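Consider the two complexes below, in which subunit A is the common component and subunit B and subunit C are the respective partners.
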Partner chain A sequence: MGLLTDPKQRQWLVRSILRYQSKLSVLLYVGGLLWFLALAYRPLNAGTYFSENALLPGLVESNLPQGFSSLQSFASSLKEEMKKDKERVPKDWIFQQFQDLGLDTYRQNFTLKYPFRMSTYAKELQLFRGENIYAILRARRAASTEALVMAAPLRSASNSKGRTDGGIALMLGLADQFRRNPYWAKDVIFLLSEMDEVGVLAWLDAYHESKSPYVFADDLPGRSGPIQAAINLEIPQDKVRYLNLKVEGLNGQLPNLDLFNLAVRLGRREHVHGDHHDPETWEGFQHMLGTMLNMMWTQASGAPSGSHGLFHRYHIEALTLEGVRLSKGMRAYSLEQLARVVEGIFRSLNNLLERFHQSFFFYLLPSTDRYVSIGLYMPPFGLMAVAALALWIMATSPQEPEDEKEREEKQLGEKETEGGEPGKKETKGGELGEKETETKKKEDSSGSGDPHNDSHSEKKKSLADQENAPQDLAVDDGDSDDDDGLELGETMRIFLSVAPVVTMSFLLGLMTYTAPHLFSKFEPSRSVSVFDVVTYGMMAVFTASLTYPYLLYRKADPDSEILINWHLLKCIGLLVQGLMLFAISLINISLAFFIAATSLPVMMAVYATKSWLSKGLQLVALLIVSPLGLLVMAACVTVIQKNTDDSWLFSPLAAMDEVKNLLFLLLVDQHLFASWTFLVVSLAYFPAWLLFWAIPFCQF
Partner chain B sequence: MAAPVLFCGTIGTILRLALFRTGIPDWLRSRKEVVTPITSWDRVLEGISLQKQFISPYAGDIFHETPILLRLLQFVDYVPGGAKTVFVLVDLLTGIVLHRICLEFSKHELKRQTLEVASYSPKAKHLLITVRQLSSLPFTVAALHFFGPYSICSCLAFSTAVFSNLALLCCWLYTLQGNVTLSCLSLAMAAYQSFYPAVCIVPVAIHHYLYNNPKATSFTSPNAVKSYIRTALTFTVCFAALLLASSRLEGGSWSFLRSTYGFILSVPDLTPNVGIFWYFFTEMFEHFRTFFVCVFQINVFIYAIPLAVKLRERPLFQLYVVMAIISIFKSYPSYADTALYLSLLPLWKHVFGYLRNGLVVTVMYSVVAVVAPILWHLWIYSASANANFYFAITLVFSTAQIFLLTDLMFAFLRYEYDLHHGIEHYLANGKKTVVVLQ
Partner chain C sequence: MAAVPKGSVVAICVLALFSTFANGDHEEQVQEFFKSGHTNNWAVLVDTSRFWFNYRHVANVLSVYRSVKRLGIPDSHIILMVADDMACNPRNPRPATVFNNANQNINVYGDDVEVDYRGYEVTVENFIRVLTGRLPPSTPRSKRLLSDERSNVLVYMTGHGGDGFLKFQDAEEVSNVELADAFEQMWQKRRYHELFFMIDTCQAESMFQKFYSPNILAVASSRVGEDSLSHHVDPALGVYVIDRYTYHALDFLEGVQPGSKKTMGQFLKVCPRHQCISTVSVRKDLFQRDPDKVLLTDFFGSVRNVELVHDTIHLQNVSLETDEATCSKDGCEGSSTGEQLAYAEQFPKPL
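So, the complex of A and B:
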């Protein structure tokens, strides 16, 4: 409590922070950022291990027959069936196959109502119908109390997302093998869903008897017990060069690390490896950093990277095994090899005694066998985001309620007006610092060595019956906290002057949040698609929001004393920003990291100025880190990622399309899957950003 | 009523009515920070329907309201607009009571100051409370009440704690007016509702004694003791009358005692809330339970004694501190309790200059408000976090409240000290010094 009650210690702290504030902030930010990136370096992260012993990975030997002829025949006949009609999936054939294997096979119909109106006339166009097929292998040793899910999306041969026929054939082959074995303690559900995530969502909703507003699912004719884990297969038939393990789920949720470890370990047993780099070298580090950033990039979007992401919503651990099809490269893996991996995973999961609860749920993966846990990534993130913000606030807050003129009159030595301007205060701050030390020295010498005075300490004892209250007698060097109540009216006025800005920015955030819904109600005409209506509408809202500082100032009488205290405004802005980053980092560290890394330097540097040049520069910098700016940046990165194979040529048109695309994906995810990314950006990041946007406009 | 206060009241009411049209109230009604088993509206509805079926609501383990309130709330159906109207009206009424408290408080403090000003240091002139300073008090309190997120949350969630809050505020009002009977009656009603406010009788009794004997120097004289006993007796009689009336309403049965006060005191429901009980007693071995329940409950009451000694000349501040302590240490605290003492915080505006942890406390409060629902989601829905995460945040909340309280007490004592000794302190050799509390 000493720090909290003792004005002397606090003053010392505040003063030292004041003096080095900007340097310290930069140091903390850069240090935190580098530390965070350095976590991909092998000695700084940890090796994965199994927490859950019940999994017993790899203890059992594969039961699959050598050659696995049934799998081959399923695969070839499925190929035949798919060839018949490139646009459709042979659902009836697949249904028939599962039924012939003797499994409980069912169909489930569902309807997707597209959240945005596509056309003026036909309301039916908004509705899409789909069908799921699922088969339940009843465990012989249990009464359907627990279940595992093996899922694969039904994609036609012409689907742009890549084929999954290998996965379907693999499911049929494994179903054929699984039903012969007596050791199953959990039901295995084979789920084939249309429309990828939507189908899975419909099936899960029906399974758990919940409802979503845009996906209407029929009831399930047959069911099993609570689902413990799910593996989603996106595997083409041939030329699988490597397996991609996709873990990122809805809102950045991740499956238990043990499930991931399991897939990695069993893949390795079948010699299905990730690629090898020597992690101790610079190239190795670069590779691991690339992997980690790639994972974070996917996680940050908050959209599920595969159908597995929706299982997380129901507390089911799930991941996707994606076979990556390349025409050339290393030796391709055969379906049989992959079948052994999946078999191993399911037999391990079969051993599971309780739900996954050990190991980690919050982690980052720099490679398949290394992980960065929440305990490792939080300190650098905190250093970077929260500490840097806190510094600025601490440096300004004790003096903030006072009017500047009064302050100048009162304490010439203690000034913080310049302290907050990281741009140009280097020299001034130094001078003031020297002045400060000088005055302090004088006072120190005059006050040192004073003995306690009896009469004084007696009086002070009457102050409180504190335990032996050793009253420290120190030199009064202008403790600003000791001001009387007279200035409180002043304080309140300053707070009230900031209130409209804060209220406005949050109302604008609310408007942005509700805008897409309103825009989608406009009648789309033939020439303008709903995509364009929403995208340009959102841009219009954004541009309109930018003018709000003018709205606030024009009304104010130039002579009236209600000038907005930009220090206070910045304090509030940084508080909101820090709070938001901390809250997001608990759910989705990647999103928080990318927002912090890009926006914080600009936000810490913003200050009110009269110079047009610096004002212009600040506004440009702020625009770059605005929600729209970040969206454009994300679109550029996505376009560049897509283009890596062809060329480094960068087309602005492609980027523009990507912006539309990303914005729309955000909105659709928000409506269909209740993704939070749009909500966070519009209701938290945008208002916080608007607070900073007002600062360069402040007059002082 | 002054225009700004009226403005706050109107906007606040419109805001509440507007928010009732969104999905927020439903969400709030499931938030463990806002609603406790005692104040949950869903349980009240359950109790009302049981009552209509002629089944005693106290036979089960769901309903924990008091019998009189149950009878009163049965009439909610007949009010146009239902519960929404009732709760908005109660909030409005609370606002009016708060407004009158501010006026009475200003009058009372000025009167006390004129009496005592002779004993103050001449150098502390500018520390004195001025009329101008007090003039903004009603507005500040009204703004805090009508726009305070905590009071809005409790109103939207239909937390029945607002009734006991209203009773306690009435007690403030009548205490300030020096009306022994009414203040004891309203305190008895507050205590009848949530039991803990009973401890407020200590500061109330001291205040009534001081009110009638402004020049009193001794607090233990026979005269004083007589006054305390009179107040305490009035309170006891009111409380007993309320209990008897309840028993009559229940047809002579006393079973409601077990479901209400028994439930409050023995803490059988360990649903997480913002308090300190649930986690501790989840971890507790069963045979230590009784002992620790006693320790935890005594914790709520025990502070009244040292406070009564230390702050005997300032019973109103003592009442405030006791109220805040109750909301920190009670067995089922919620945001409604926080709302109660936060809306009265501006009464001590004149000592705010001495507050040191304003920023820390504000940040802690906002972190809890934002992060608690997130950690709850991670724990209960995503199952990726666990109970410790949520407990950590409730600990932060308790710490924030304690920080605020200790800081306020420190500021208050420091202010009083400076009043008597002047703002600038000198050593014997004429050097300036600073007083430090360690």
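So, the complex of A and C:
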């Protein structure tokens, strides 16, 4: 609020907003949601383009020989080697091949300490050993000051994740060709990692001399310069029907859009493209929306969709080329074709002069040649989240005296600015302290006469105002002529009524956060696996948390019974929720979007009621959008996605398994890769949700 | 004979020629050919951009270098500034070469290329110092522009430019005002007789709009608001190898021999819009001769107009004042005979 603006001028606006607030909030939410989804419509998004002109994408012709016989021979010998033992990867053979090519070839051992106790017997069983192989092709005419990485996971023939032997053969073939050429300005590192992401993590840790708590990596015997980009290959030997470009990394981080464009452009040049052109039709829109939501779904989990995801931690742009193997279908891409794509990508990366920095780092992809930038998706998302933030406060005042409206308007402005720059406030666990400081400030401000009319001092007290206003509203319900002392007492009383709820919910959040670690400390019996211990333990914690509003009332002394002001509670809840959403949206828009889209309508609608039916319905709705409810929903979606071919048959058992699986993945990712999805859910979303959970229980 | 100044010999040849062919309109036309008034040629060829993806700019400037050298300007009279070493770039699949054509016909970075200013030596300061002659005393002669008031100077520039500036390296730029002032200093210090300015960059026209010194003919590859585009890629190298305007200009120059009678007027018409995509822009108002009557080799070559005369000529009391035919329009036309010429002050005295 500027000093020069006269708040009275806007009273008509405030009044009309107040009159239609509920409709307006619905309109904002629905409008925001539809706008967001409409971004997948071709005219509303933008075509991709190259920002980095050093890349010179696809200008150079392939240097690979026609037929590429060495690639074929590598592929067939690798196949032979893999056949010998289905459980093991022929690491020695691969090592030998790279060494025979004359590259600097090294091994690196690492140990993974499983974060959860797997067995009662011995601690050693928790340790898994793995080995990475890497070979460095030194650039002949440059000083090893920069490097590119070509990576592939080492997977045995029996691995359930799909085979990567095509990718390994392709690396060998390309290494053989690359070393013959004089034009390398950067070293090329060929990295073969065991245990997929874990191996890559160990290697990257050692390369950058950092440490992880659960993965112990040996030092690297040989190294090169800073890595500028990495391409991960998950390519089977045959029947590759299309290429899947996986970009989603740890915590929803994405590689620079230029790298993605590069892969798409070179795929097109070799006529390898999975995506067709989506026309400006309803079908086209549906397809693009499907693609975009699919990408958002993967991104929202915060788990890397391939080994490339860990490179992003070190600001190395990386993506995975996954060859999708389908037995049906006529056309298949040969390894040679794919080799040309990869060669082209590396020739272009070789031209880079500095790190990727030009194009977008925050985007959504509705198709391979269209993108939605952060500038396009933030406004609709902001609309959705602001609907909850801004409008609720006005809804709290049943009748409004003159100065009340002014104050509300100020709050509206403040809420919005707060929403605009949520990056300042990390919602991780700082909430408790924040609330307490607000209390102190509030006491100061309410004691000093009437600070609200003093427009000059209002900025300093904005925080206090936020807290004050709804409480004042409640006071004003009775008589606005109360003297200050009485008002102060009343305000304090109302605030105190809410304080235990807020404190409790955040403590419960903290408990949820620490619970898995505690559970894993228990000695599991032989019949119960650690998966089950942790899963059921978490469910128990969740169920216990649900009873907390009831406990609050039971503990209260009947004489001095405090009525919880549910208006204030809801206000605080929406504030916390809005802050959290905006903070997440800056890093992982997909996670923020899915949480906002599901939880906000329920949270906006919740109110205290005496009707049992209404209360029951509210509680059911709240349960659905609870963290566990969302997890179950996610599990169902995953199960349905997996079962696309065998009709709509849906088995609850499979969903249950998937819930366990997802929860466990979240926890493992948190420990191994420092993914913060679990942290955000347990320390920010869960407490916020608990605040709303208390509202239907409020008495009034 | 050895004691007689060179200029007078030429003058006598010219006089002798007049007496043979002089008649009416024809004489006027013929005279134009011999009125260039310069005695030596210099070339300043500048590539201002570095990095592998700007390969074409280096190829541009080296191609022009090759052409002017072929047409007779010796290395000692060429200042070649190349901002990056493409031949030794590790990304170059053909090390130690620079090509200006997709089929790699001509290696423009052959054995006899003398680069005077290279890499980070190519700065705005060095460029302006070369033009104005204010170089440190230690600078070798090969790095100096030792032109005089009888020199025709060709200035060719290529790089990335904008409206009113040309970028040097990745850090600085020369503005069109600075460039115009540098040329004015050259004029005042009598460092050129006529100057041909040729520039191939985006919005190139803006670079000569501020010129105000006499005897400058300028051509630019594009108008303000237009981009100058590259001509083609060499798929074996993976880079664009030459720009459109330079490509067509070189195409024209390839057909020129040292004795050629092709004129600047023809050269200025090179690369029409359908070839260049940008509009080639020309500035003639400062230039006092008709470009259609100026030989191309007046700027791109170093060709003395020599006619062999078999008759014996007796020289008596030869001195410069008497042969007004050799003076150019701005030089000594109508001036009194005994006037002493002096160089302008390097730093003008305060008024």
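Criterion: the second predicted complex is superposed on the first by the 586 of 700 C-alpha atoms of A that agree within 3 Å, B and C clash if a C-alpha of one lies under 4 Å from a C-alpha of the other, contacts with A are read in each partner's own complex, and residues count from 1 in each chain.
Heads up, the rule we're going with is that a contact is a pair of C-beta atoms (placed from the backbone, for glycine too) under 8 Å apart; a residue touches a chain by one contact, two chains touch by 3 or more.
No experiment lies behind these values; they were computed from the predicted model shown.
Chemist: Is it subunit B or subunit C that touches the larger share of residues in subunit A?
Modeler: B
Chemist: Should A:A142 be classified as contacting the first partner (subunit B), the second (subunit C), both, or neither?
Modeler: second
Chemist: Report for A:Q253: first if it touches subunit B alone, second if subunit C alone, otherwise both or neither.
Modeler: first
Chemist: Quick one: classify A:L623 as touching subunit B (first), subunit C (second), both or neither.
Modeler: Touch status of A:L623: no partner.
Chemist: Touching A:P182, do we find subunit B (first), subunit C (second), both, or neither?
Modeler: The answer is second: A:P182 touches subunit C but not subunit B.
Chemist: Tell me the contact category for A:R347 with respect to subunit B and subunit C: first, second, both or neither.
Modeler: second
Chemist: Just checking: does A:E61 make contact with subunit B only, subunit C only, both, or neither of them? Give me first, second, both or neither.
Modeler: Only subunit C; A:E61 stays clear of subunit B.
Chemist: Which residues of subunit A touch subunit B in their complex?
Modeler: 1-2, 4-8, 10, 253-254, 312, 315, 355, 357, 361-362, 393-394, 397, 446-447, 450, 453, 455-456, 459-460, 462-466, 469-476, 479, 481-489, 492, 575, 579-580, 582-583, 586-587
Chemist: Show which residues of subunit B lie in contact with subunit A when the two form their complex.
Modeler: 126-127, 129-130, 132-133, 136, 140, 310, 349-357, 359-360, 363, 366-367, 370-371, 374-375, 378, 381-385, 403, 406-407, 410, 413-414, 416-417, 421, 423-425, 427-429, 431-438
Chemist: Across the complex, what residues on subunit C touch subunit A?
Modeler: Touching subunit A: residues 51-53, 88-93, 95, 233, 235-240 of subunit C.
Chemist: Spell out the residues on subunit A that touch subunit C in their complex, using ranges where they run on.
Modeler: Residues of subunit A touching subunit C: 53-54, 56, 59-61, 139-142, 181-185, 347, 350-351, 353.
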